[in-house]
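What follows is a short report on a single structure.
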Amino acid sequence: LLTGFGAAAAAPKRGGTMTVSYQNDVSTLDPAIGYDWQNWPMMRVLFSRLLTYKPGTTDLTTDLAQSYTVSPDGKTYIFKLRPRAKFGNGDSLTADAVKYSYERVVDPKMASPGQAFFHSIKGYDEMVAGKATHLSGVTVVDPLTVKVELSQPDATILQVLAMNFGDIVDPAVAKKYGKDFARHPMGSGPFMLKEWVPGQKLVFVRNPYYFEKGLPYLDKVVFDIGQDPLVALLRLQRGEVDLLGDGIPPAKFVEVTHNPKWKSQVVVGHPLETSYLTMNTQMKPFDDVRVRRAVNMAVNKKHIVRLINGRGHPTDQVLPPGMPGYDKNYKGYRYDLKKAKALMKAAGYANGVSTELYVYNTDPNPRIAQAIQADLGHIGIKVALRSLGQAQVISAGGTPKTAPMVWSGGMAWVDDFPDPSDFYGPILGCGSAVKGGWNWAWYCNKDIDALAAKADTLAQPNEVQERLALWRKVFGAAMHDAPWVPVFNEVQYTMHSKRVAADPANAFSDPGVFPFNYARIYATDGK
Amino acid sequence: MVALANNVVVHLARHKVSTAAALVVLAMIVAAVFAPWLAPHGPNIQFDNGLTNSGLPVPPGRVFPLGTDLMGRDLLSRMLYGARTSLVVGLAANAVAVFIGTVLGVVAGFVRGIMGAAIMRFTDLMLAFPALILAIALAAILHPTLWIVIAVIALVNWTWVCRVVYTQTIAISEREYIEAVRSLGASPLRVVLRHLLPHLVPTVIVWGTLGIATAVQLEATLSFLGVGVQPPTPSWGNIIFENQAYFSTAPWLVLLPGIAIVVVALAFNLLGDALRDVFDPTSRSRS
Amino acid sequence: MRLLDVRGLSVAFRSAGRDLSVIEDVSFSISRGEVVGLVGESGCGKSVTAMSILGLLPAGLARVTGGEARFEGADMLTLSARELRALRGLRIGTIFQEPMTSLNPTYTVGYQLTEVLKIHRLAGSRRARAAAAMDMLQQVGVTAPERRMGQYPHELSGGIRQRVMIAMALIAQPSLVVADEPTTALDATIQAQILDLLRNLNDRIDAGILLITHDLGVVAEFCQRVLVMYAGRVVEETTVEALFARPRHPYSRGLLDSTLRLDSPRSPLPTIAGSVPSPGRRGAAGCHFCGRCARAVARCRVDVPPFSDVGPLHRVACWNPVP
Amino acid sequence: MIGRYLGRRLLLGVLLLLGVTVVTFILLYLLPADPARMIAGRSATAAAVERVREQLGLNLPLYQQYLHFLGRVLHGDLGRSYMQRVDVSTLVGARIWPTLQLMLASIGFELLLGVTSGIIASLRPRQAVDRIAMVLTFVGVSAPQFVVGIMLLYVFAMYFNWFPMGGYGSPIHIVLPALSLGLLGSGWYSRVTRSEMLDVLSQDYIRTARAKGAGPWRTVMIHALRNAALPVVAMIGMDIGYFMSGVVVVESVFGWPGIGQLMWQAIQSVDAPIIMAITMVSAIAIVMGNLLADIVALFVDPRIKLR
Amino acid sequence: MNYLVEVSELEKRFALRGRRTEIHAVRGISFRLRPGETLGIVGESGCGKSTLARLLLRLVEPSGGDIWFDGEDITRLPRQQMRRRRRRMQMVFQDPFASLDPRMTAGQLIEEPLIIHRIGRRTERRQRVAELLEQVGLGADVAELYPHEFSGGQRQRICIARAVALNPKLLVCDEAVSALDVSVQSQILNLLVGLRRGLGLTYVFISHDLAVVRYISDTIMVMYLGQVMEYGPVDAVFSAPRHPYTRVLIDAVPVPDPTRRRHRTLPIGDPPSPETPPAGCPFHPRCGEASDVCRTTVPVLRPAGADLTHTVACHLYGASCAADLSPILPVAERVPVT
């Protein structure tokens, strides 16, 4: 959920170009593969999918699908496609393309990181095992009708289809380029890729066939690749860049946000994110719930938020605010050193204990880790830091009995889709407490797992409230076991130039990290 | 020995610059060794008044003579403690590198033949070898200690020294006095130790002192990759590395440790020059 | 007007913060067509004398502390660097002792030869310069000059290298040639060839030559006048004939006595007892030689002997000259 | 003659390349980061990860993996990036030319600044100029690349507006990045030039040149410099290898699409195919750099003979 | 009588890096030397004199032939044992400045051979150094000075003191006095003669100054392009030089007497490059008396007249008795020096 683009000027006009800066090259534009915060919003405008979110909200709405129906048992979905949807090259978008696209993600040869999201579709297991070449659960009823059958009810399936993994690709182009489709993407989104110079720039231009008339506003979006965010900011201030893809660099944050000249151009984003500290429940001393609770009480979250110049809000629970199921009334562990010390003593660590904290080595994470280190020092936990590259931290977290504590910052859990289940299974569920998994607390409570499984079968629209209540219970129970210290929900800041504007209500496609809806940003006269 | 010590003293007395350099080096070493007594605060204490309300570091002033860092810690104290790591790295690691480079360069240049060629090809190999990968691998396998840093820096830096020493050795070993000493019946070891190495001193000083600064910086990179000292342990290199993006908001965090590095490297260079004058009677009359 | 007229030249070296006087009050002159020998013990200041005239003393270390050196009327010691450069190579040619180290190893003979012409803008075109250089090589007796022009110094034998040096010194037809031990490193046959060559060339271009050597045989065969130096001072100046027939300074005498000849008897050689005082230990007062001199009188220790005439074209600095 | 020499050097180069790839390959193998897991995604099941591992051949023993790698390389196939799933040759290839350009320009600046200051310092040893050059050398060697780069941008791009704020394309874009690398690296050249020049300036042939009437410019630039050039040339040879392995900080400050940023990202995410490819590129650069230096040395100093 | 040095068919070829040719610096040289005898070697610059000297001490490895020293073949001794032999054979090098380590004082330099061969204790060594300094006429008080503080002549004396410190049997002097002016040269020659008398030293004395060689040698060897041209007792060679090269060499020596200036016949042209030696007699391109046989056949050493100890390698001296000559020639009895 983002705010900003406050200067919504007169009526949006058509035409113009915008330049977006990014430091790192875009890894891929293949929607079956792309899975990072940088390529995510790009693919959202290169492709369209059956469903999407109402701009800037967590509410699903139709996109390529004109309408859809759900069977009462919650296992069969029938989608009617827009009749005149076309790919950027003029090819018509039919039900075959939908089936092809879904199968492409599930196809083991693709090795798509999104594969598992489709697990509830009928025929998934056969295809994954290589026994079938097609997904039996996806059938083409007629050129404009697709039927999706599930093997069991799945409350998240619509969210999955709204992810980029549900993007519809042009089968002809995808077959032509094979693995290189990533560099020659072809979809039915508002923009299409015109040029990609590795390490330098990408150019998106208007898709003339885009089904929603009047969109996009801009003729062209240029992604300028390779420059440090600090320099990108300078360039924006000089008017060479229109949007900071990497956000305002922390080093300039206070300077920019306190300067009346720039303040109005700051865009604030509230991604559905929680930054947390995991404690490995299989390792001493964190195998003792009292120690984990003591840690929860000893971390000074306010101080940490001050360290990062207020770019976040302290939190005590797993789910971020804005996420369905967030519990406004939840009372977690409060900062209380006395109690924490008592707990440590009770756990038999009156004389202190040593442990390690793994942290991703880019600012501000090592600083946050140092603050935690100092905090835990107060209750006799001597923490040694291991500040490493992202890949190594992830790998250590996913290796049994290796990382006693991991600070999630920089790799923190941002939603795949705005549903509480996404914050349980992959990071707290028993199924992910395995080698290579993301459950770095190695937390596994079978009872809670059962509750969660039950919640996910409640797929009917009238069961929503019941489901959310169940989820609140799940997270409440998990926090009772305290495998984590939820520390803060990040607030992200970026900047746009005065040459571009957007209606704040629909400038963002969905609540990810800077998920700009490039289709709805328009050029101004620069005042 | 006494005569040499005497030489050194006489020389220092005569040259103000070298004296100043010696004092600087001494001061740095004292600072490192006595950091706990000299530092006004602990290096890792995060002061509440060490950060402004918006979370920015405090510039140098009355309370914190050199200002604070991004965590509200006293920069002076951190620099004093940081001198420990940085001096060890800048001197020890660099010394190891210079030592290995010199030994291998001398052997390759003096013995030549197959042995010399093998050493030089090995040097090429090490030069081409991606040291950062090694660092990451070590970081993953071992627990970070200063020893690994020293080892990695030595491993990276010796190659350049080796190449330079190699060429120099070839040039020197073709001089006639080396042959003259051999004609006296001196063993190769004696020739190398007594008659070759002293002539390499100027080269080694140039590369050794330039290496101080690069070693200190490399240490920061290695720390970043998880091999070296881990936060919150300070070193001059990692103070700069962590804060360089804040250069325009808090310049003291980069400038002060930077100056410290330059001053130490310079002081050692000047001291090296002085040392060379003591060892090289021919250069004394020139100054 | 004399070609070169040196008066009271003194040079000091800076060493360990002190000025050490290396040559003191050196005076002599050379006319056109004349060959003047400069002999003396090793370290007495022969090279320093020559270099200070040319303004080639090591900068920062050595300093001329007094005197003048008039070349064709202009005082070389007070000329600006630019004026001095205009004389060097063009009006004054120099031949150095060690031909291997005095030629730049990285340039061809041709380049180094034509460079003189280029610096002084003597021959218009590149081709004219090359022609002049080849002609000069021919004159100094180098065979196949075209081939030599393209060779590097290390590809030449010592004799040819020295000829190249000579060609370089003479190519601009200078009126003064300073030759600092030009044949010391060569064997007798090549030495003889080179001296012959110098003499022949001199007959043609009529230059004055200052020849520094320690070989009295060379002096006897080649020079017309001789200067004998000792410990930074000129102690005797006379014609070659007079020197060999009747040296007046005890040091010159000693030098001649200790000279070996092919027919010298195999008896112990006469020598001058003691050794030359180094510049730091000469002492300011008196004659520098008096410590080693059998003829020393009391005054020698106190006063510097004046350089006075003892005969036609014969001057000696001694309180008690050899009769 | 030169043909045989080149042949032998290139053969040695190939051996070196093999050595470097073997060592790097082993190190990457030892790294605990699991590429299969990273490809399969954070929600993948163990079975899915295992399938990916099989697809990539990561389940084979190390030596077989290496032989496969070697076989592919011999067929001109550098593999596909784990993270970007694109041909590594495309990714690396696109960055080689910009890297080469930056390398040439930086070495140009290093030489310009370093050799000039070294010469000036050597002409007045231990005097003010020399001392100033020495201090600047150490400041340059100690200065963080990032800070130097940003400062240059502030001054020459922001304030004076003489140069663009980074980017790639026209020749003018290369000035600031090359200048910052030149400022940082010139110290080494300066010191080496100085000590070498001090040596050469005391040689007899310098006196000869002066005796010919050569002015200070000719004496220094034509007679002394060429003789002092060999160590400098050797350093350029080593520098080529350094630059071809990428200069990540300066590249990112100036948005230069060089190899360094790619390597840095690859190292951070343990993208082995890219790391292997760049390691090979820089190893080749080192071999070629040293060879080039040796060949240039032949022209600088005619006394040198091929070995 | 025993010989101290016996050299037979000594060869040295230097391979030139990266080229196919090589330099044949020393070509089949043989001679014998009795204890106390002095061999003088003269010849053009670059004819291989220094190489021969280095070969004698095995500072360079011979490419062929043997060297017997003191009754033992040293050509194949292991390096370490060779080092021990060096105590008995020493050398004074051509360039006194280049052959002294500039970082050491005169005292240290002279003491070094004693340290290397572990002779005496510290105080004894110091005493010996003082003695040696006195012996070469420098005075013990200069022990603390560095080479650059000495004049060329004084430096050469340090070299000589260092060389005799070990009481060697053989002293090879490679142009030991060439760079010195006459008065110092005389001092040094007197010193060398004195040492020979006092210690029974054997010298190989290399110089291009014929007057000096004649003064100090018993036997003389004239070399040209790596080969011996003429060999014999010094007085015989100087009074009746046989080889055309010897003759021009002696003729070229300048006479220190201005009244006796004369015109001399000099050899034509320059010495040939050792890389491309001429066929036949190496001297023939410069020889005024060369005939066809000189251009094709290499002459061998043989007696040129009745005196069998005086040999010459020249086609001018009949081939009649060439066959009956052994490769190693008897050496002239020593001519005593008073």
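Descriptive notes on the structure:
For clarity, chains are labelled A, B, C, D and E in written order, and residue numbers in each chain start from 1.
Just so we're on the same page, a residue touches a chain if its C-beta (ideal position, glycine included) is under 8 Å from a C-beta of that chain, and two chains touch if they have at least 3 such contacts.
Computed from a prediction, not measured in an experiment: that's the story for all the values here.
Remark: the per-chain Cα centre closest to the mean position of all protein Cα atoms belongs to D.
Ranking C-D and B-D by contacting C-beta pairs places B-D first. Centroid to centroid, with C-alpha atoms defining each point, chain D and chain E lie 53 Å apart.
Centre to centre, using the average C-alpha position, chain A and chain D are separated by 38 Å.
Put simply, the C-alpha centre of chain A and that of chain E have 90 angstrom between them.
Annotation for chain B: residues 136, 140, 245, 247-248, 285-286 touch two or more other chains. Residues of chain E in contact with at least two other chains: 149.
None of the residues of chain C touches two or more other chains. Chain B makes touch with chain D in their complex at residues 121, 124-125, 127-130, 132-134, 136-137, 140-141, 160, 163-164, 167, 202-203, 206, 209-210, 213-214, 216-217, 240-241, 244-245, 247-248, 254, 258, 261-262, 265-266, 269, 286-287.
Within the complex formed with chain E, the chain C residues making contact are 39-43, 143, 157-160, 184-193, 195-196, 214-222, 240-241, 244, 254-256, 258-262, 264, 266-272, 275-276, 278.
Contacts from chain D toward chain C in the complex involve residues 202-205, 207-216, 218, 223, 226-227, 300-303. Chain A contributes residues 230, 249-252, 254-255, 258, 303, 306-310, 361, 363-364, 366-367, 369-371, 373-374, 384-389, 392, 395 to its touches with chain B in the complex. Every residue of chain D that touches chain A in the complex is listed here, in rising order: 31-34, 37-49, 51-52, 55, 80, 83-87, 90-91, 94-95, 98, 146, 150, 153-154, 158, 165-168, 251-258, 261-262, 265, 267-270.
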